[in-house]
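Look for subunit A in each of the two complexes below; its partner is subunit B in the first and subunit C in the second.
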Partner chain A sequence: MKELPNNKRGKKRVLFDKPRSYIMGIPVIFWLLTIIITPVILMLIMSFRQKVGYDISNILTLSNYLEILKKPSYVKILLRSFRIALIASTLAIFASYPLAYYISRKIRKGRHLLFMLIIAPLWISYLVRIIAWRAILGNKGLINSTLMALGLIKEPLSFLLYNQFAVAITLTYIAIPFVFIPLYTALEKIPVNLIDAARDLGANEFHTFINVILPLCIPGLLTGFMLAFIISLGDYIIPMQLGGTGGMMLGNIIWSQFGFAFNWPLGAALGFVLFSIAAVILAITQKFGSREGMLYE
Partner chain B sequence: MKKERRKFKLSPLGIYAVLAYSFLYLPLAVVIVFSFSPTKSIVGFSGFTTRWYIKLFNDEALIAALIHSLQVSLTAVSIAVVVGTSGAFFLVRANFPGKQLFRSLSQLPLILPGIILGIALLILFMNLGFELSMFSILMGHVCFTTPVIMFQVASRLQRLPRSFEYAAKDLGATPVKTFWYVTLPMIRTAIIGGALLAFTMSFDEIIITYFLTGTWTTLPVFIYGMMRFGLSPQVFAISTVVLTFAMVLIVLMAKFTAVREEL
Partner chain C sequence: MKDKESKWQVELVGVTKIYKDTIAVNNSNIKIKAGEFFSLLGPSGCGKTTTLRIIAGLEEPDEGKVFLEGRDVTNVPAHRRNVNTVFQDYAIFPHMSVYDNVYFPLKMRKISKKEADPRIKRVLKLVNLEGFEKRYSSQVSGGQRQRVASARALVNEPRVLLLDEPLGALDFKLRVSMQKVLKDIQRNLNITFIYVTHDQTEAITMSDRIAVMSQGLIHQIGTPDEIYNNPATAFVASFIGEMNFLEGLVASIPSSDTVEVSVSNKNILCKNSDQKISLNDGVLVSIRPEKVHVNPLQSLKNVIEAELSRIVFKGNNFEVTAKFDKCEVRSLVDYKVWDKSQKAGNRVKIGWNPEDVQVFPISMKKDMIQYE
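After this line comes the complex of A and B, so read on.
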């Protein structure tokens, strides 16, 4: 959309307005400072403090960060979280892309409804969707009880639940709508003339796709992938519910520092590690990804 | 040629689409079917019962958690409507340096993993010496409902021509009157749609809430507690209720906003 001139004569942009126009900003600035910026800064400070017995000392050190690097189990869980998040977001991309392509290019009527049906699960209870996957993969779940009723197996298959596979599939399920939106937006924006031109020049559907459509989707693909990755990386409820001990992720060790381990400074340090990873990824996405596809842009 | 095309023929992509929609919706269907099953198993489905639903109504702790959830979500959304709408005007109409930074920071609650805000707010309340209570949960919810409404309203405001407001001013309307009679009616559906979306998100939020919960629990945290003892039929029944409620809200929300454009 075209930028409207800021003053009526269309002179150069004014940097500041009259003070009156800032009144509107007071509540939102207050919100931003009190419950977003301040808590994150306090978390950063907490991450430099140290647990001493049952107390937290006021001396600032790097010991929590060093502990994370020194403990092989933490590094292992961090790497595992990266791997699971990578798998889930890749699967989500591969699952969503053909769907986005089909709906944006092949469907004429009811496109809006089909779009809504894919993104609606985004807002339908996160917890219910976890319950659903436990009900499908569990010992008395859909898959096992069907196979047993058919006489194909005698004992329930135990490899379905409480492992990384169950976590990855549920995260994929959660990530699909996040990935779908930027992909769909990118595909929909491609002008028809461009595709007609490719056809006129003799490209078949496959070549049009590889040489014209796919390159134009790259910013959307990047945005979708990054969003799915961040969301998967930081999840702790899904690994808790479906991961068992072998499927623990970064979020779980953060959670346990605030729970039974009661080591808040270490938990804050782990939280800040996650925050930094997310911030770097978001910065990359803002630079190279598609703006329009961002969920709330 | 044309007639042949109209025949319903599924291409490989079409078949894939059908499978993909099944993948998205079958798990939810499983929950609903389980909730009506008299036994715990879905296969050998031996009849139909609404027993689990009746049990829900008699569970006082569950009803209390439901009421708590409604209280938190309604209060959080009311605050978010005021902060978010005024914030949208600030974002779209005011000029100030660092606007891009402000926009990015305001988006954080929506794109950061919830666990970060959960622990950050927990540390804030500890520093202030507050007990975990309804207030801490409420603040957690105001955190992410505000930007939902703010960005919905902002995208509407951006597309509104200002000529209507200039016309109102030229005709002698005060700024308050201009806002009330001209601007507000034009952004009303965006506010309602944003509020419904924010309410839906708030009503089933657990990732942040779980860190901020003391003894006062919301419905998702209560359901989460029920799940510790395995998935009982009641869990499926309450899930079905929550699912239906969310669906209704989403349909309403879609009616109020052309979501496609607002996203």
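After this line comes the complex of A and C, so read on.
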């Protein structure tokens, strides 16, 4: 990343510079406390309690966290969740970028219609879309029946469903609109005259893209990646529906702790681990994202 | 003239550009010499920027051809033309430092940073931007941004530099000093400048030649002197400088180079500048305010009795408006010459020489700039 401009570093934003601003801030603080901070704190406290029989004791201990570290399967699933989320969000970026690029920069008429078409799946039930993927990837699904009808295969391909591949593909699909929106916005915001200037100064289309367009849409790229990654990392419905035993993710374990395992403290501890990871990623991308965004004036 | 030995650096032949239902550039023919400071002047929307973009290769003409040094470049894309542009809002890359902005065109030519460094330093010195290399465009002032844009366009040593209202966003004092900087650069590097502006003073003071445009049409191409003193159309006369316009009818044509026009029953002798004008035609009579004398001491061929209606102090001179019948004539009178005891309502004589009066057919009135 580029060095921060001096005058930007020196400038401090004062949120409450007048006494009256405190009063204006009260609703915001109240809202943050009740909706975000309190539940997180409650979850944190829960993660330090312990399941005793069918009860939850009030003594605070680290045992849940120690158990997570001790059991290799938890670490393994955590790493797997990471890997799947990383693959899905990377694929979503590669799938969305050309779309966003062409719609924002090359198409003049019907741009808004195409934009709406891409984000239209967001209006359809999440579960329906997941089940639809089962219909596409299944033994008698779209892909297998097409290939069989064409005579390319005799037996249905079994590697399509109930594994990590199926989870990653479906997560990619779910994440595409969330990546597309910030990317499209960032690309559309790039002034046309910068592209004219690049061409005028001797850059062909490829060099203009590499030197001007790509660096200027980094904030959008990071935001999109972050959204896709966090959505994928915590998901449990897709692995449950399409993952089989090998495609299980951390979200499934957490879900089962709150469900039939009835171990809320362990579930809360696992949840908090996930939450912390997401928070760290958010902080990192925010830092780079806002830096780039600041230079973009 | 379209062979390799062409003496024209830039040549536009019958260039036309149409956007939807408006003709942005209408059959433009322009020839520009090497090392010339050539301005495209006109009000906004007259097609001057489109013309510039066609020369740059950022816009393709619907008809006509563009030649650079005799070579047909009509279908050559912008990045392969040896011309560079200083854009109206500078178009400085916000994610690059001043240094990297200036390096950009050299980088596109695959020149290493090490090799480019002395050239970048030289051009930054030329525009007086030493010490700003590491800054970003958000950290420099408007005038400095303008100079970054100029440096970036000059570093490639283009044969032709295109400037699209480069000083339009600057305040008056800065604009005047930047005019000098640009003019010096043009003279010292001997580069052809094609300069788009809507500011007639800027065009007149800086240019070797000017093309005056309106609604896609080129009305006149000429030196600043020709354009000021011999406007080809009523539009040029109204757009450049101050001008009095009076409507009248041709009363007689006493000789081949003079016409007599009747303006509300007063006859005015005018220069007949090769207009196809015949008896009883409706005409526009145009006189520059500085050519109108109030209570002239010398004897003039045109003298009219009028009433003073307004006297405005303008610093080094007075703008005096005199009325006869329904016609108003403005006059600019030097501070030292003006009789300060004169008041509005006084009867005066106003006069001018026939050589300073031009006539245009009344049909040209619709193209004129209307100041309301």
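Heads up, the rule we're going with is that the second predicted complex is superposed on the first by the 251 of 297 C-alpha atoms of A that agree within 3 Å, B and C clash if a C-alpha of one lies under 4 Å from a C-alpha of the other, contacts with A are read in each partner's own complex, and residues count from 1 in each chain.
The working rule: contacts are C-beta pairs under 8 Å (C-beta built on N, C-alpha and C of every residue); 3 or more make two chains touch, one makes a residue touch a chain.
These numbers come from a predicted model, not from an experiment.
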| item | value |
| --- | --- |
| Which superposed partner A:L79 touches (first subunit B, second subunit C, both, neither) | neither |
| Touched partner set for A:D200, first subunit B, second subunit C, both or neither | second |
| First (subunit B), second (subunit C), both or neither touched by A:V212 | second |
| Subunit B versus subunit C as contact partner of A:A95, first or second or both or neither | first |
| Partner contacting more residues of subunit A (subunit B vs subunit C) | B |
| Subunit B versus subunit C as contact partner of A:I284, first or second or both or neither | neither |
| First (subunit B), second (subunit C), both or neither touched by A:Y173 | first |
| Contacts of A:A261 with subunit B and subunit C, given as first, second, both or neither | neither |
| Contacts of A:V52 with subunit B and subunit C, given as first, second, both or neither | neither |
| Touching partner for A:A132 - first (subunit B), second (subunit C), both, neither | first |
| Subunit C-contacting residues of subunit A that also contact subunit B | 6, 295-297 |
| Residue ranges of subunit C touching subunit A (in the complex, touch as defined) | 53, 56-58, 77-80, 83-85, 87-89, 91-95, 97, 104-105, 107-109, 134-139, 152-153, 156 |
| Partner subunit A, residues of subunit B touching it in the complex | 11, 13-14, 16-17, 20-21, 23-25, 27-28, 30-31, 34, 40-44, 82-84, 86-87, 89-91, 93-97, 102, 104-117, 119-124, 126-127, 139, 142-143, 146-148, 150-151, 158-159, 162, 197, 200-201, 204-207, 210-211, 220, 223-224, 227, 231, 235-236, 239, 242-243, 246-247, 249-250, 254, 259-260, 263 |
| In the complex with subunit B, residue positions of subunit A that touch it | 1, 4, 6, 13-17, 21-22, 24-28, 30-32, 35-40, 42-43, 46, 95, 98-99, 101-103, 106, 112, 115-121, 123-129, 131-136, 138, 140-142, 145-146, 148-149, 173, 176, 181, 227, 230-231, 233-237, 241, 251, 254-255, 258, 264, 267-268, 271, 274-275, 278, 282, 286, 294-297 |
| Of all residues in subunit A, those that touch subunit C in their complex | 2-3, 5-7, 191, 193-194, 196-204, 207, 211-212, 215-216, 292, 295-297 |
